[in-house]
Structures are given as C-alpha cells and as structure tokens.
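Below you'll find the structures, each written out as structure tokens.
One chain, chain A, appears in both complexes that follow, with chain B as partner in the first and chain C in the second.
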Partner chain A sequence: MLSQSVITKLKSICGEKDVITSKIGMYAYGYDGTMLEGSHVGIVFPESTQEVVDLVNFCREQGIAIVPRGAGTNVSGGTLPSDGSIVMNFARMKKLLEIDLENYVAIVEPGVVNWDIQETLAKYGYYYPPDPASWKASTLGGNLGESSGGPKCFKYGVTRDFIYGLEVVLPTGKVIWVGGRDFSSEPMYDLTRILVGSEGTIGFITKAAIRIQPIPEAKRTMLAIFNTPEDASQAVADIVSAGIIPTTLEMMDNLIINTTEDHCGAGNPRDAGALLIIEVDGHPGDLEAQVETIGEVAKKANSKDFKVATSAAEVDKIWLARRVAFGSVARVKPNYGVNDITVPRSNFPKAIAAIEKVKKDFGVTIGTVAHAGDGNLHPLILFDQRNKDEVDSLHAAEMELCRIAIDLEGTISGEHGIGILKKALLPKEFGPVGMDVFKKVKRSFDPQNQFNPGKLIDL
Partner chain B sequence: MGVLAEVYEKLNTCGKCGFCHGACKTYKKDGAEYMVARGRVQLIKALADNKIDADSDYEDVVNSCLLCGECAVACPSGVKGHELVLAARRDLKLRKGTKPFAKSLVLKSLTKPGRLSFGFSFFAGPGKKILKMIDGVQFVRGIDVLSMPAAKTPFSKQVPEVITVANPKKKVAFYVGCFLNHSLVDSAHSVVKVLTKNDVEVTVPREQPCCGLPQYVYGDFESAKAQGKKVINEFGKYDAVITACASCASMLKKEMSELFHDDEDYLPKVKEFSEKCFEFSEYVSKELDTTSKLKNDTPTIVTYHDPCHMVRYNKITEEPRNLLKSVPRNKYVEMFEANRCCGAAGLVQAFYHDLSSMITADKAQNIMDSGAEVIATSCPACMLKISSGLKLKGSKVEVKHVADILASSLRD
Partner chain C sequence: MLSQSVITKLKSICGEKDVITSKIGMYAYGYDGTMLEGSHVGIVFPESTQEVVDLVNFCREQGIAIVPRGAGTNVSGGTLPSDGSIVMNFARMKKLLEIDLENYVAIVEPGVVNWDIQETLAKYGYYYPPDPASWKASTLGGNLGESSGGPKCFKYGVTRDFIYGLEVVLPTGKVIWVGGRDFSSEPMYDLTRILVGSEGTIGFITKAAIRIQPIPEAKRTMLAIFNTPEDASQAVADIVSAGIIPTTLEMMDNLIINTTEDHCGAGNPRDAGALLIIEVDGHPGDLEAQVETIGEVAKKANSKDFKVATSAAEVDKIWLARRVAFGSVARVKPNYGVNDITVPRSNFPKAIAAIEKVKKDFGVTIGTVAHAGDGNLHPLILFDQRNKDEVDSLHAAEMELCRIAIDLEGTISGEHGIGILKKALLPKEFGPVGMDVFKKVKRSFDPQNQFNPGKLIDL
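Coming up: the complex of A and B.
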C-alpha cells in the first residue's frame, strides 16, 4: 500500500484523476493477456513527457519500481506488475503529434492505438505497415516494447524496421532522443534498435518517429487448398524461390479450418490438410504475372484448389476464416495458449512435422495458424484453465515447442516478446556470453532495476 | 455468488486477449482497464469469486457500460460483454436495490403515465420559463434542455384512437413509446402520416405502457415483467404493432423473450407477440410501397446513424438507408463509424455525462465531416443526444427521424 503522502505527491505530478489506488483498479491491473496474475500498489496515467520524468524521479527516490503498460494485450506477461510496483499506463498519452507526408514520417505518443494511426493515415492514402493481430486494441508503445509483427511483416518487416527515432525517458529521469527523425542511418551505437523490443526494461518511450508509406495501388488475394500441411509448406518455399515476395502468406491447418467452419461457415473444405492465404500488392501492372506464377507453383505442390478473389466481397470471404481463427477454437476448449516460435523458412516443413509429434507426445490438441512466409508459427494449444492437468500439459508442450524452434535454428519468440513466460528459455537460445551482454546492457541503463524488473532477464 | 452463478461459465470464456479495447467507446474515452469489456468481465468474475466487494467503484464500472454490444462483435471467443454487464446489474439490484434515488425515481416515473405526462407538461410550461431565467443552463449534463421539445398534451391524446383511411389495405397499432409520446411528438405524427398515406389504418391505443426496457437494463426484472405484461394486454389483440423507437422495438421484438425466459407459462405468449412487432422502417420496407409516392424538390445531403438497438440488437441496417435513398433528389452519404454508439445509452448520459458527452462529440464530428445537411436516425434518444452534441459544436446539421423525412416527401 502506498502512504497517503506518496499518493498526494503522485497526484500533484499527474493530476487527481490520473492516479488510481481503488480496489477495482488494483484488481484490473493485476492481469494482462496471459493467465498470470500479479500485484502492485497503484496506477498512474502520465499525459506528457514531463510527467513521466517527474514520476520516474519521484519513484526512484522512493525506491518504487515501475511497470509500463499500454492496452495490456501482450501474451508473454511483459506488463504483469511485480510486487510493490507502480503501473504506468500510457493509455491517456495518445496524441498523433505530426504527419509529414513529404518525408514519410509520423510522430506519435506511445498510448496511441495502432488502428487509430491507420485510420488517420488512410485519409491521406498512407499507412503504417506493422499490423499485429491485436492492432485494433494494442498501443504503439506496446508494439514498440514487443517489436510486434503481423501478417504484412513478411514483405515489410516488423515494428523495429519502421522506427526512425524515439524520445526516451531513462531510469535517471533524463530524456534523450535516439535515432533520426526522418532517416534511418546515423553514426554511433544503434540505440533505437536496442530500445525497440526491450519491453520497457531500459527506458520509457514517450515519442516515436514512425515510418509511413503510401497505400499500394493494387493488391490481389488468393486462396490455395492443400491435402497436407507438407504440400502447403512446399508451396510457401516455392513461391519465394520463384522470386515473389507476397505481402502476406498465411497458413491454417486442418483443425483450424474445421473450427472456423463451425464458427462462421467460411466455405473451406473440412477435409483439407491446410490452406494458404496469399496476398501480393504493388503496381497494378506487376501483379497479374505474379498471380499466374503463384497459381502454377500451387498446382505443382498438389493444391486441391486455387482461387483468386475478383471482388472486395470475395477478398473478405477469403480472410473471414483467418480473422476468426483464434476465437473459433473456443468451441473446442475454453482457453488456448498462443505461441510464436519462428524458424528459417527452409526449416518450416520440419517445424510442422515436429508440432505433429508434440501433439502425440504430450497428448495435447494443437491447431496451427502461421505467418508462413517468414516461418513464424502460432501453434494454438487448447486447454481448460480450470483443469490443472491440462494446464501442466500446456506448459510442458510450450517448452517443447520452444526447444524445437531453437534446434531448428529459429527463435522462441518471433513477435510476442519474452516477458516472464519465456525468460527461462533465453539462455538456451543465446548462451552464457549472450546473456552476459544482455545483463550488461540492462545494468548500464538501469542499475537500480527500477524499470519493469523481472522481465526479459533476471539480474 | 447469487445470480452471477447463472453466467459464471460465460465469465470464464473471456480469454483476456483485450481485443474489445478497440470496440469499447467508454474505454476509448477513459483509458482505464476497468472501463472496457475485459475489465468489466474480469471484475464481475472477481465479485462472483468474492475477491472484490460491490463497492461504489464497482457500481460505476457496471453502470457506465453503454450496453452498445460492440464488444461482442469484436470478441473472438464469442463473449457477450453487454449481457454479462446486464447480469451484473441484476445482481446489484438484488444486493442493494436501485440506487441512487434519482435513478429509482426516473425508472418508476416511466411506469406511471400520469406522472410522466404531468412532468413533461410542467416542463413545457413553467419549467422552461424558470430555466430561462437562470443564466447558463442551456446545457445540463450535455443535453440541450432548453431546446428539448416537451408536449403539453401527449401525442396519444392529440389524435383519435383510430385514425381511419378511405380504403384501408392494412391495419396496425402504433406503440408510441415515452419519448415520441411526450417529447418528439412531431416524429410521432410523421409515423402516422407515412402509414395513413399508404392506406394503413392506425390505431393509437389510449393506454401506452412503458415497454420495460429502462427497468430491465438496470436489473429490475420484476418491474420490467409487469410492464411487459401490461404492453401485451394492451397491444396483444392487434395483428401488427409498429414502433418508431429503436429501443422500444428491441424490447418488444427481442429482449422481452430474454426477460421472460424463466416463465415457461407466459413465454409462448411473449414470443407470439414479438413476432408481430415491427420497427417502423422494417414494416414500411416489408409491407408498403412508398417509393412511387415520394416527391422532393430540394436536393438534400442525408446521412444515417445506426442506433445500437437497431444495428446490433436487431440487425436492421439496410431498411432505413434504403428508405432514405428512395427519396428523389436526396443524396445519401455514409458517415465514419455510423454504427457506433452516440453516447446516450439510456441513463448513462445522466449519470456519466462527461463520458457520454465525449462520445457524443465524436458522433457529432463524424456527422459534420460527412458533409450531410441532415442526419436521420430511428431512435428518439439518439436524436436528442446527437442534436445536443451538434449544437455544442455550433453545427447547423438538422436531426430527423427517418419517418420525418418520408413524411415531408409525401404531399397532400
């Protein structure tokens, strides 16, 4: 519990309404997108960089740790509060400060929601490519913390690839601007790329200069149905080998095809082993040849069916199943664990086979959707959180999946972050020397371990 | 756990993904986790598990929900946040009664036609005179009270009980609803005009009991059921019942069956009744051919706002739009976020007016950005709230009921 004098001081910094210590507040900020729960002593909502600075300074003097948070949609426990900490919610610091079309830059505050940026930019014919599935909810600050990806990241890259520069409040309370404003190369250590994906452990981002670009003139959406996931993954490899970089290359396996059919009857064949949703975008004149090549590749990989959408309604129909994929599995079990292991594309068929083995070895039900283009897999492990055996099997299977990813020269997290859930696996992926460097980075920024302690690495 | 036990399984279905954050207007404006469906659902579950108390902060969380139903559309796991909030309101009602007194007074007055009639009549006369003498009360809690129409005589007493036509092709009863009966009387006249000009004989029963929705959404199921039975007693004998209020329509067509789900004996009667209830635009589109009779010389740019009870509760979206498009020389434009809540949301606008007015301001801005000269909708509560929101922004865009637009295009 915070003392009355501390609460009074916090309120004098960010205002009466921006400090919450109510019982419901305590409860509602004790969880995030995971099943974990934590406790904290209060919530503050800064609305300016100066307020963040004052809060950081005051908390440092008081020895209070700070856990930054956006919408709290992450699935790795990165925003879960730690005992005695204050939650710093950036949700009310959400201005879109500047749109500079000439230089393809927008300057935004961390609490702005990804989707709200997209809607504003769309009025000018522009967009910001990183599009995590949570984009209607998640804040840009959260996306920066996790370096989020999305369906479009195969062609365009993840959050890290779209950041020119950042304004950052350091644990010392000092403010620095890292990177540029409208260019991406500069001398000295690339602090921008260290900060993006650091999950609020070394600095709090208070402004970001993001790269925006014109919405492509045209796109074509295709659907390919396969008898087996192996055929589908062969097609993925062949499409890229043919020199085409689709905007999205999404895969769904048989279980997901069936749960989505139960959910909304999208019209996909229930006996299919897997399907691919393929989208290409660019200049209208370039797309026909690409569509033709992709059709030939799919045929060569034994596709049962290959369709090209000819209207907006058909595009929607193709995407329908993918959009409801995560929720549709609730029909099988009330809960699902989502993983984001990522492997080199060449090892993608091996990862698919390994998931099949995990199903058998651990007796778990898994449905897989994947951003197949960049080898990023989302095996959804279905379970009931009230059944302890199922929860245990879930955790064991998740650990096994991570080991598989590392063995296949991949990573345990393609886009969801490490938080608390995947911390234990980091040494296996990076080794003792790598972990030592990470610790030194953390210590050099935050020697008192005040910023999001216990996330990513333990000091 | 009380009544929350009935929805406990549903509370458990929330996987806490947070996808509702983009859909929830109260969260968008406030930014606090407990102002979104995920937060509300988790807190209701925490109360059921005895982890928190039903304190005043909890009551605010449950009572500030707009019940707009947008969270349910966004939820990948099929959780219907608004239905769980309704269960929580029922639970609160059983724990503590209807609080505060002001809310209890309003909900009770709605069930007493005499009191309602007196209230509006008083407001129309001395009430407004008194308000005019006090400086700075044009807007009370974001509502333009001085411009709010109030009938000295309710609509139902301004017209004969049966409004006959020369060659009746159909006969309907008009369920007027409190707002159209006592405040937006002109729109009620428009409804009658559209129907009678299309050879429909309209009966306006003298007794017009409140539909019970206001009591229902604050968990007073007993009063709501009593109202439901009164409505069915009065209106059950007609072949078709028309209402031009989206909220009343939702209650009569859909929610009454949910309210009476535990009354096996009476439920069939409710279902039979609901089958013959129609929202105005639904009935006109389905049963009448108005298009050939419409005339209009003044080109007007029109847009439409979907009341929550139309778009999400009853999925009526195309009918009002098609009617608006059918008027000659009207140019129909679609506004941004046409189907999102205007912020009125029953008594939310009275008890959480800052929040409500911020939501209305968005709606008003979207209307202005659309370039429309007239905003049409199907719900008197939305009309009043939107009209105040536009006025606060200094906009001259006119607010009309779909029936008003059709009526003014039907020449004598």
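Coming up: the complex of A and C.
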C-alpha cells in the first residue's frame, strides 16, 4: 500500500483525479486479455511527457516499479501489474498531434486507439496498415509494446515496420527521440526497433511518428473453400509461389467455420475443412490478373468453391465469419487460450498437421485461425477455467505448440508478445547466449528493473 | 607488430595463406573509400564461423582489436584499421548458401558481392532490392554494416528492411542467431536491427537471411529535365503527393549533368538546372496511369522535357549519366568528398537551397546527386587533396552540410554510415542522452571495446 505522502506527491505530479488508489480502481486495472489477475498499489494517468518523466523519477527514488498500460487487450500478460507496482495508464495521452500527408507520417500519443487513427486518416484517403484484431479497442502504445500484427501484415509488415521514430522516457527519467521523423535510415544502433516490441521493459513511448500511406485505389476480396486444411495450406504456398503477395491470406478451420455459423450464419459450408479469405489491393489495372491466378491456384488445390466479391456487401459477408471467430468459440467452451506461433511459410502444412496431433495427444479442442501468408497461426484451445484438468491440458498443449513452432524453425510469438505467459519458453527459442544478450540490453537501459519488471525476462 | 608466436597461432587457426603480415599486405588493407589511411598489424581471412570464433577468442585474450572488412568501398572510414588492430577480411566467406524461393529468402555469407547475389537470383526471376551504387564491388557484409541504401530504396527500403535474421559472432566469442529465417516478427528486443548498421562494433555477421522477391513484371523509366533544381524538387514532392511511390527518383544537378556530358556524352542538355530519373515498377496494367500522372506533374513543375523510354537501349541511355556521375567529377577536380545527408522529403527544396548557399559561403564546388524520393542528398564537394586550403574548405563545408541536415529535422548519414568521419557530429544529432544510450549498448555487447574500436563512438 502506498503511504499518504507518496499518494500526495503522485497527485501533485499528475493531478488529483489522475491518481487512483481505491480498491475498485485496483481491481479494474489489475487484469488484461489473459483473464489473469495481478496486484498493484495504484494507478496514475499522466497527461504529458513531463508528467511521465516526473512520475518515473519519483517512483525510481521510492523504489516503486511501474507497469505501463494501454487498453489492456494484451493476451500474453504484459500489462498485468506486479506486486507493489504502480500502473501507468496512458489512456489520457491520446492526441493525434499531426498528420503530415506530404511526408507520409502522423505523430501520435500512445493512448490513441488504433481505430481512431484509421478513421481520422481515412478522411484524407490515408491509412496506417497494422491492423490487430483488437484495433477498435487497443491503443497505439499497446500495439507498439507488442509490435502487433494483423490481417494486412502479410503484405505490409507489422508495427515495427511502420515506425519512423519515437519519443521515449527512459528509466533514468531522461527523454530521447529515437529514429527519424519521416525516414527510417538513421545511422547508429537502431533503437526504434528494440523499443518497439519491448513491452515497456526498457522505455515508455510518449510519442510515435508512424508511417501512413494512401489507401490503395482498389481491392478484391475472395473466398476459397477447401475439403481439408492441407489443401488450403497448399493453396497458400502456391499463391505466393506464383509471385502474388496478397494483402490478406486468412485461414479458418472446420471448428471455427462451425462456431461462426452457429453464431451468425455467415453462410459457409459446415462440412468444409478450411476456408481462405484472400484480399489483394493496388491499382485497379493490376488486380484482375491476380484474381484469375488465385482462382486457378485454388482450383488446382482442390477448392470446393471459389468466390470473388462483387459488392461491398459481399466483401462484408466474406469477412463476417473471420470478424466473429474469436468470440464465437464461447458456444463450445467458456474460455480459450490464444496461441500465436509462427513458422516459415513452407512449414505451414507441417504446423497444421502438428496441431491435429496435439488435439489427439492432449485431448484438447482446438479451433485454428491463421494469418496464413505469414505462417502465423492462432490455434485457440477451448477450455473451462473452472475445470482443473482442462486447465492443465491447456497449459501442456500450449507448451507443446510452442515446442512445435521452434522445431519448425519458427517462433513462439508472432504478434502477441511474451509478457509473462511465454517467458519460460524464451530460452528454448533463443538459447542461453541469446538470453544473456537480452539481459544485458535490459540492464543497460533499466539497471534497477523499474520498468515492467518480470515481463519478458527475469534479471 | 605481432610477435612470431601470435602469428603462428593465427595461422594455426585460419591457415598459412590466410594470415598476412607483410608490409605490402598492410598497405593494401590499410585504406578504404575515404582515401584515408589507417595502420594495423596484420590481416586474417577466416573461412568459417568457427574460424571467426577462434580468432575473436584468441585476439580478446591477447588484447588485440579487430577491424572487420569487406570490399573496402566504405566512404565514412568504418573499415579503416586502427593502430595495433588486426583486419578481419571476410572476402573468403562468400558462399551463397541457400536460395529458398518458397519462403522468399536467401542465406548468404558476408563476403558475397551484392551484384553476384543479384545475378544468381535473376536466373530464378528474383532479386534483392537494396542496390548501393557500389554493388558491383561491395559485399553484403559491408552493406549490412552500413545498412546501405541505393536508388531502389525509396520504394523498397534500405538493407535493414531486408534482413530476416543473422548469425553473429559476439565479442564474447559466442555465436547467436538473431531474428527469424523468413519472417521478421520475432518477439523480444529486435537485435537484427541494431546489428545491421552497427559497422561491426558490436558483433561480426557470419551469415544473413536476406529477403528476396520476384522481379516486378514490368517497369517504366522516365527522364524529366528542369530549368532549376527547385522545379525538380517540386516535381518530386508532387509525384509522391499524387500517391505514387516510384521505385527510383534520382536527381542530378547542372554540374553533374555537365561532368557526365564531358565524360560520356549521355545526351542531356548542358543548360538544364537539374534532371530526374524516375522509374516505376509493378504489374503491367498498373504503370500507364502512373506514367501519365508523372508526365503531368513534371509539366506542371515547368519541365523543359519529359521522355519515357520505349526500349531497353533507351533505358540504358537514361541511366548512363547517373551511373558515371561520381567518377565523372574527376574532370573538374582530382578528389571529392561524398556527403550523405537526408532530410524529410518536404524539406528537400530547402536542402537544395542550403547547398547553394554553402557553395557561396565556403567557396567550394559542389555537384549534387540525390535519391530525391528519400530526401537523401549526396552533395559531392570537389577538391584537390594536395591543396591544404581546399581540404580545409571541404571539411568546413561538410560540417555545415551536416548542421543543415540536423536543422532540417534530418540526419547526417542516410546510407553511408558514420565510421570515423562523422563521429564528431553524432552528438549534435542525438544529443548527450542519446549518445549515452548508444555507449551503454556498445558496452553491453563489447565491454573491452575489441570490435572496430573508435568507430561510431568513443567509449
């Protein structure tokens, strides 16, 4: 518990209403998308970089750790508070400071919701490609912490690929600007890239220069239905081998097709083994040939059906099932564990086969949604958290999925981060030497382990 | 000078013929593209990662610093040996280990020449976008050290943007693989990005997984001639504002137009203030509308002439002047200093105007070539190194150009690195806090300052 004098000082820094120490406040900010709970001693809501600096300095002097937080949609535990820490909620630093169309850049504060950026940019005919599924709720600060991906990331890249520069408050309380304002080819060690994805463990981002681009003139949306996930995987490999890089290559398996049908009757065949949602974008003159090639590839991979949307309504219909996919599994079990493994695209069929084996070996129910072009799979393991056996099986199956990803030359986390949930698996992926380097980097920024301690690595 | 026992040990590690300590050998590896000279005590040519490890360990025990080297085309002094150091030349680690078209990746050793990679990939219809002007000579290891750019980098990005993963020998002698094999969305601190561009100061890259892509189906090459550099800059801004991202947007000023005419009679008008070489690539259906828009933009910016190449021979003719640009200035003065400033694209006209002022204020002759789309300018300051006054003016003018770049929210180095030449200017760009962070990063990797000491920063 914080002493009254500490609370008074915190309030003097960021204002009476921007410090919460009530029990209900603790509860509200004690969890994230993992449904786990953490414990902490208070929440502060800075409204400026200077307030962040003052809070960081004061907390360092007091030996109080700080856990940064955006919308709390994080699914790996990165925003779960740790004992005795203060939660620093960036929700009130939510200004879209500047849109500079000439240089294709926008300057934003970390508390802006991804979707709000998109809506504003759309008025000018621009957008910011990284589009995590949580984009209507998640903040850019959270996206930066996790280096979030999304359906469009196959063609365009993840959050890391769209950041020109950052204003960062370091654990020393000093403020630096890393990277450029509208170009990324800076000399020296590229600190932008280690800060993005660092889950608030080495610096708190207070401004970001994000790369924006004109909305493509045209897009085409396709739906291909397959008898088996193997056929769908083959189509994915063949589309890319044909030299086409779709914006989106989303896969859903039979279980997800059925839960989404139950949920909203999207109109997909319940006996399909898998479906692919494929989108290409670019100049209008470009797209017909690509659509034709993709149709041929799907046919060659034994598609049962292949549709090209001819209206906005048909596009929405194709996307409907994918949009409700995560929520729809609640019809089978009350809880699900999202996995986030990524493998080289050529190993995608092997990953699909391995997931089938995990189902049998661990007796778990899995529905898989995948950003297939990136080799990024989200096998959702369905369970009931009131059932200890199911929880145990969940954890065992999750460990096995990560082991499979590493065996297939992949990674345990493509876009959801490490947080606390996957921390134990990191040494398997990076080895003792890699872990040692990570620790040295963390220590060089944050020797007192004040920033989001216990996330990513233990010192 | 190395003792006989040290030489014997070095030879036992990498073989008799792979260690040079002769005077002529010292001379041959004592300089780089800056035309400065460094001093060192020997050259080793490892042929495998294990040899690199053994050399690093032995040299560390002996307190000998190591300066990595590729083809030595570096223009910022990053490969200049430092007193008492050993040069580690990676020229014999030049295997193209694997081309994996399915995953769009090639695995290469650092000694492979960029051009050799391109020629091999072209047989399969693929290429690796970063194309520094030195590509027929420079090695991928050197490109990685500097995070080299090139004409195609406006659309596609610099070296940093094309590296999935790296095998790295650390100053501890340990070997790590950082990044993925064919995806870049790894969790944890993104070490790939701090290693690329680190000029061999924190690790030696022994393998790289580079991102390759299919050669675009079509391209169109255009030449626009303008009365003034200001008009050309306006056209650059307007092309991008029109939502077009050309592959290439190269600018040459009047002086360079004239030296290239003297050199090879490329056929450009000697009274032109500037020319732009513009290339767009993509699907064939896509390009006509872009060519038309670019033609209209050029006209609006008062172009004197606008040509679209209709044959491979015409494309070559358009590129001829640009290809010989750097060499052609020898007709005016025997030496030139390459500058490498980058500014936000919207400040490009201001940078062009500022270069004009530098010419007058410092009495120097400058010819400017620019990757205008990136805002990356190479003002070549022509001088005679036998004339002390000219050398002094050169240095003063170079400092002024860097100051201008920083004032215009840019960077002192877009693609040529820092090495030793620009080291003194770094604090102006990054400030004391930034420099402190860089030093901490360097120390966390290389506490003994064994890897390329004295480059980038002094500890």
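A few notes on this one:
Here, the second predicted complex is superposed on the first by the 459 of 459 C-alpha atoms of A that agree within 3 Å, B and C clash if a C-alpha of one lies under 4 Å from a C-alpha of the other, contacts with A are read in each partner's own complex, and residues count from 1 in each chain.
Everything that follows uses one rule, which is that a contact is a pair of C-beta atoms (placed from the backbone, for glycine too) under 8 Å apart; a residue touches a chain by one contact, two chains touch by 3 or more.
Since the structure is predicted, the reported quantities are computational estimates derived from the model, not experimental observations.
When both complexes are overlaid on chain A, chain B and chain C end up sitting side by side without clashing. Of the two partner chains, chain B is the only one that A:Asn335 touches; chain C does not reach it. By the document's definition of touching, neither partner reaches A:Met251: not chain B, not chain C. Contacts of A:Ala321 after superposition: neither chain B nor chain C is touched.
Once the two complexes are overlaid on the shared chain, A:Tyr31 sits against chain B while remaining clear of chain C.
Using the contact criterion defined above for the overlaid structures, shared-chain residue A:Pro344 touches chain C, although it does not reach chain B. Centres of mass aside, this uses C-alpha centres: at chain A, the angle toward chain B and chain C in the superposed model is 130 degrees, to the nearest 10. Once the two complexes are overlaid on the shared chain, A:Glu409 sits against chain C while remaining clear of chain B. Touch criterion not met for A:Ala274: it reaches neither chain B nor chain C. After superposing both complexes on chain A, the closest C-alpha pair between chain B and chain C lies 21 Å apart. On the chain C side of its complex with chain A, the touching residues are 100-104, 125, 147, 149, 153, 157-158, 160-161, 170, 172, 174-178, 180-194, 196-198, 202, 213-214, 217, 237, 240-241, 243, 282-286, 288-290, 342, 344-346, 374-376, 409-415, 417-418, 422, 426, 430-431, 433-434, 436-438, 440-445, 456. The touching residues of chain B, when paired with chain A in their complex, are 12-13, 15-23, 31-34, 39, 42-43, 46, 51-53, 55, 57-58, 61, 74-78.
Remark: chain A residues 20, 22-25, 27-29, 31-35, 43, 45, 71-73, 75, 89, 91-92, 94, 111, 113, 115, 134, 136-138, 324, 326-328, 330, 334-336, 385-386 touch chain B in the complex.
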